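Shared chain: chain A. Partners: chain B in the first complex, chain C in the second.
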Partner chain A sequence: MAEIFLACGLCVVLVVDLFVSDRNRDLTFSLALIVLIGTAWISWTTGHAGQVLTFGGSFVSDPLAQLLKIFSIAAVFVSFLYSRDYLKQRNIFKGEYYVLGLFALLGIMVMISAYSMMTMYLGLEMMSLALYAMIAFDRESPVSGEAAMKYFILGAIASGTLLYGISFIYGVTGSLQIGEISAALTAGAMNETSLLIGLAFVLVGIAFKFGAVPFHMWLPDVYHGAPTSVTLFVGTAPKLAAIALAVRILVEALGSVGHLWEPMLLVLAVLSLAVGNIVAIAQTNIKRMLAYSTIGHVGFILLGFVAGSHAGVEAALFYTIVYILMAAGAFGMVILMSSNGHDADRLDDFRGLGRRSPWFAAMMLLLMVSMIGVPPLAGFYAKWWVLTALVNSGHVWPAVVAVLFSVIGAFYYLRVIRLMYFDDAEGEAGAPVAGGWLMRTVLSANALGVLALGILPGGLLEMCARALSG
Partner chain B sequence: MLALIYFYTLAFVLVVAAVGVVTARNPVHAALFLILSFVTSAILWLLLEAEFLAMVLVLVYVGAVMVLFLFVVMMLDVNVEGGRGRFTRYAPFGGLIAAIMFMELGFVVWWRNLGLPVMETPVPHDADYSNTKELGAVLYTEHVYAFELAAFILLLAIVAAIVLTMRRRPGLKTQVVSEQVKIRREDRVRIVKMEAEKD
Partner chain C sequence: MAHSRREQLNMSGILSTLIWLPVLGGLLVLAAGRWSTDNRREGLAYWLAISTAVATFVISLPLFTQFDTSTASMQFVERAPWIQVFKVEYFLGVDGLSMPLILLTTFLTPLVLLAAKNVIKDRPAQYLAAFLILEGLMIGVFSALDALLFYVFWEAMLIPMFVIIGVWGGERRIYATLKFFLYTFLGSVFMLVALIYLYLQAGSYSILDFHDLPLSQVEQTWIFLAFLAAFAVKVPMWPVHTWLPDAHVEAPTGGSVILAAVLLKMGGYGFIRFSLPITPDASRSLDLLMIGLSLVAVVYIGFVALAQKDMKKLIAYSSIAHMGFVILGFFIVWKILARTGVTDGAVMGMTGAMVQMISHGLISGALFFSIGVMYDRMHSRQIADYGGVINTMPKFAALIVFFALANAGLPGTSGFVGEFLVILAAFRADFWYAFFAATTLVLGAGYTLWMIKRVIFGAVANEKVAQLTDLNGREFFVLAVLAVFILGLGLWPAPLVDVLSASVEHLVNHITQSKL
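Our next item is the complex of A and B:
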């Protein structure tokens, strides 16, 4: 079981880090990467077609779990690679960063494989606790501390509402196990009022984890305040955990009462699309802008669930994976731009990039255009399939709204491109981007991956379909 | 009948103590009220035959957590009067939310249809039934996964707390033990001859 290996591995990293001097932190770093590779290998080889439950039905192993686990390990791997130079320049290149990252990954994997509300909650707490500490990792920076505090308090409230909702569902169905809840709901007439109350609270918890409006307040502040490498971390792998949470609770456990949660989700999705895309226009800080763009993308992901069909969930899964690829690239770009010491997180820092470093400007161009959703790139197919699923299930007006807001959203992505290619850099910011070979390679691979996935999306889509048919 | 009287008395004390936690001006009083509410809820759990949980609540929360809490409260010079102004500023909005929540609670409690048909009324156990034993049996068999996860969360909490608090910053006053041990009398003590003072 991959989780056991990861747990042992992170303990080893923790202990080894004690005996390593500050100059040899690279040892911890590479050890953490080895642990990740090992975990990924185990997840890959232990995959199988059917659904297997262990630990009294609280742990599930199925194709969906395998797919999500491998992608979240990959996301953490990439974010570790990006973080190395960034942390070194800020003197926070500590072993604990990677230990906390591995803890967060453990929490994410537990959530992905959880088949009972209890393990789901424990995984969620493990992930969140690690993230709070990572956000506050740069203790010299008051902004980070503020961001961590906000996330901590709001996150605690969200966990509370999730638990409260779970307790209602337990009261109605008499079980915490996903399979038994689903069986109980299909079997008999339930008290809809109390189920509805529980459902609403659970949905608040899920929406918070995704960052859907109106539970998005933490997102811009956290993305802005956290060190950029942590922002990259927070913006990628935890989204996969959130979608696992949504699939397990909404589709697998409460799938038979879809008529209750679909309207709520629809409201969340449309609000997210509206607020995310419109408020992003007003941002001057690229991290905040990307945070609002995240909210907009989350709206799309939720719309996939609203469709209520198998294809819709598939599209949502595909969208999430494509989205984390794009987000990793975009935040990686911000990290790369910051590599000469100061945080280049203002939009103005991108001025004239097309002349300074044409290659990376082209990479950023690919990422931004993919986020808009222009055909040969991955972002297009993600949006396309969500919209197809929506229209096929008869939700025409949400699809129209989604398209409308993506057009509005195109404005601020295009503005980044305009700044890069048509504006001149001011003052001394005219130097080409510096950065180690590692950063450059990873970023290029990341952005080209978006392109490759756009040209050949079939493989990933088929993987998503297989994962959900399981 | 007797159990019912016990329940309502304890519930009343619990609610009064909980209100006391929030309204007490003095943080030490608030902490003491919190202890009272913990002890009362522990006794309520005893009425529900959850002996082990009741004992753990008293041992862990009252014995360890709250003592620590009191320590911290007494060590920090908490400004008692601070925050009064904000209380009145936020009072209307807070009151509105409180009213809504009370309505919701009332809805839940009085809506007897919410009575959950799946759960049968539990039957009291015999006197020689061991709550602790049963709990242990379930905890280490059926719920061992969740149990181990909780252990890992605790490890994570330790790591996170140490990461966030232990740091070397300039000007930090720490002990240097080797210096302290090496010290000689001449470095610290100076003998001064003085004339005896006459009033």
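Our next item is the complex of A and C:
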């Protein structure tokens, strides 16, 4: 199985790294990439059309898991590519970074395939612990330390809440296994109060992992404080884990009591849309702005679940994949801008980019416009599918609210474009962006990918649609 | 439908070419501009852009020459699956309503590019590329028969337009372009929700399927209002017109031309392609609202135009008033029918509205070009800075006076045909509609000619005016071509009316039958 290969591979990386001098650290880097490619290949070839359970029913292999795994591996792969130059310039190009990254990926993959609440929790912790360490990776930086601390404490509370909720659900249904919980709930005659309490706690845990309002407080600080390459990591693959968590618990286990969690989720979604999009307007730091934008996007993703239908969940899945593609590009852009040593994470650093580096300004333009949700870019189809699912399930008003907030959100994305194209750089910041060929290629491919996916979205749409129907 | 698709298969490809050739050309121009730090290479980008635009125009001519005026069904149809999971198709086609608008687009774009030579000095290749890409997207809007494809083009257009106003605009360009983007985006998202709803009801995104979809009165009303949000902003109708004067004033000349000549027409086109045929009953029950708003636009905005000190702003307000006419022509259908019992008058009103759209595209484009000519020399749009231009620019003065008269609806120009038909139709509906609509003849003449008097005639006002040079060959060509078409359409509107007639009649018959 892919997870076993990954675990072995990361041990090899860890051991090899011990014997590699700082100058040859690229060896660790390449090895980590090879492990990723191998893992992806195994996940690709060992997929099942139907659902296969192993380890006493606590581990599942199905099309959804396969899709999510491949995309999380891809996300980690891309974030590794982005990180190399960034870390080198800051003298933190260490093997541990990649080992931790692989550990986090292992956690993510375990979460994705978990079919029992316990396995899920283990995966979650494995991912989180690796992430805490990665955020604090730049030991010299006090901001990073603070961010890691915040994430650690809040994350621990959220994990505790999740666990508490799980225990309630266990109490009500007598099982931790997703399929058995679902069967027990369908059979009926439950203590609804206990179920409701358990559900609420589980939901808090999920909302925390997504960063939905009002459990979003960690997100801007972590995104801001972490080294940008780590922000990119945190902002991409773990979102896929969160969606796996949500699908397994809410849809597959608790799907039959949808009427209980849908209203709660609706409130979270609308709040996230509102807070994310409005507060983002006031930000001057692009990493914080993107953090709030994430919260806004999470609102949209949750709305997919609110729709309560298969189509809704598929839409949420598609949205998440598209979102991580856009977020990887946007944070990659910040990394690229920071290539000359100092962290170019203020919005003002983008001033006059259209004149300094027309190509990369155009790439950023594509990414921002995609985040607004303007066709023909991928972001549009994500919003469109969620809206379709919402309208189809009779939630016309949430759909209208969602589009209204996406108009408000348009403002701050447009501000980035405005800074790049309409304003000129002041002072010494008028140099074109530096950055190695690797960064340049990956970023261009990433942004053009968003465009290509916008012109021909059919393939990925179909993939997502098939992932859940299997 | 099936029948016409078969007979038109040999023609397929032309609409796609019209959409993608300018887009590809635009990308090439961008690439050419990338290596052009010196002026010689800039020439390459320029040459490439012009030839793409001219080629597009030439390719678009068969749309007119091979157009079958006897049928209202879609022609030059192209149909291929695009997003199969959602039955979204790449479905293109034109009828008499959209074909003239496509020709208008392909006709004006080369002129816009031509007028940019030596005028746009900052990043010229990007400017040209933005217009070419915009052209392709605009043609896409007019030819898309799949609602999602339509929406994609409709929204994608915002991106180049946002950049055009924001980069090459006047002093308050950033405010103007943000306002433009957010206004139109806000309107469009409601339309998106409505389109999704229609898709779920109809099971496909084909606009033609939407036309035949039965809907209850309540559904129709909501959908109508959602469409109204999108199209009213684009037209723009009073009271959501406030973005237009800002955008117009701050946009570069080419931007103003395209905005007035083509982009505003998309609102009108939206009404006849979506609102009227998809929600006829809601349109009928809300027609008083629409007539009221359009009369307010005609009369009130006419007075507002009278008070303007900035030439571009004046023409911008004049555009709003003229578009009010178009909306009036579309929505008096039921009043005429109720009064006369036959659809003749309604067909006349709608034909008038369509002619008015094309004619206004030419005239307002020409006026913005003219103001651009003056602005390039004086760097001022204030009426007060001018006076006696005729003494130094006689050729120019002759042309701008002609355009002004056309704008005021002088018989013999295209401006007259549309307004006259709409007023005539309005008489059949209600005397007072016609009365208020006809005030435009007075007001329009008032504000346009008064501006001309102050700018063109009289004694030379100041030193700067005294040093003006007359039109160069390129400018003269652009304005003269427009003048020829305005005059031609005014004297002999038959070809345009022929193209329109079958489709307009079909539309009127369709919308006067209740869907309930």
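Keep in mind that, in the parts below, the second predicted complex is superposed on the first by the 470 of 470 C-alpha atoms of A that agree within 3 Å, B and C clash if a C-alpha of one lies under 4 Å from a C-alpha of the other, contacts with A are read in each partner's own complex, and residues count from 1 in each chain.
Operating definition for what follows: a contact is a pair of C-beta atoms (placed from the backbone, for glycine too) under 8 Å apart; a residue touches a chain by one contact, two chains touch by 3 or more.
If you're wondering where the values come from, they're calculated on a predicted model, not measured in any experiment.
Within the superposed three-chain model, A:Ser58 lies in touch with chain B and out of touch with chain C [touch as defined at top].
When both complexes are overlaid on chain A, the residue A:Thr46 reaches neither chain B nor chain C. Of the two partner chains placed around the shared chain by superposition, chain B is the only one that A:Ala130 touches, whereas chain C remains out of contact. Applying the stated contact rule after C-alpha superposition, one finds that A:Pro457 touches chain C and leaves chain B untouched. By the touch criterion stated above, A:Ser30 is placed in contact with neither chain B nor chain C. In the superposition on chain A, A:Thr186 makes contact with neither chain B nor chain C.
In the superposition on chain A, no residue of chain A contacts both chain B and chain C. Those residues of chain B whose C-beta lies close enough to touch chain A in the complex are 108, 111, 113-114, 116-119, 141-146, 149-150, 152-153, 156-157, 159-160, 162-164, 167.
The touching residues of chain A, counted against chain C in their complex, run 354-355, 358-359, 365, 369, 372, 374-376, 380, 384, 387-388, 391-392, 396, 399-400, 403-404, 406-407, 410-411, 414, 417-418, 421-422, 457-458, 461-462, 465.
Listing the residues of chain C that touch chain A in their complex gives 34, 82-86, 123, 126, 148, 151-152, 155-156, 158-159, 162-163, 166-167, 173-174, 177-178, 181-182, 185-186, 189-190, 192-193, 196-197, 199-200.
Contacts from chain A toward chain B in the complex involve residues 7, 14, 54-56, 58-59, 94, 96, 99-100, 103, 106, 110, 116, 118-119, 122-123, 125-126, 129-130, 132-133, 136-137, 139, 171-174, 184, 191, 193-194, 197.
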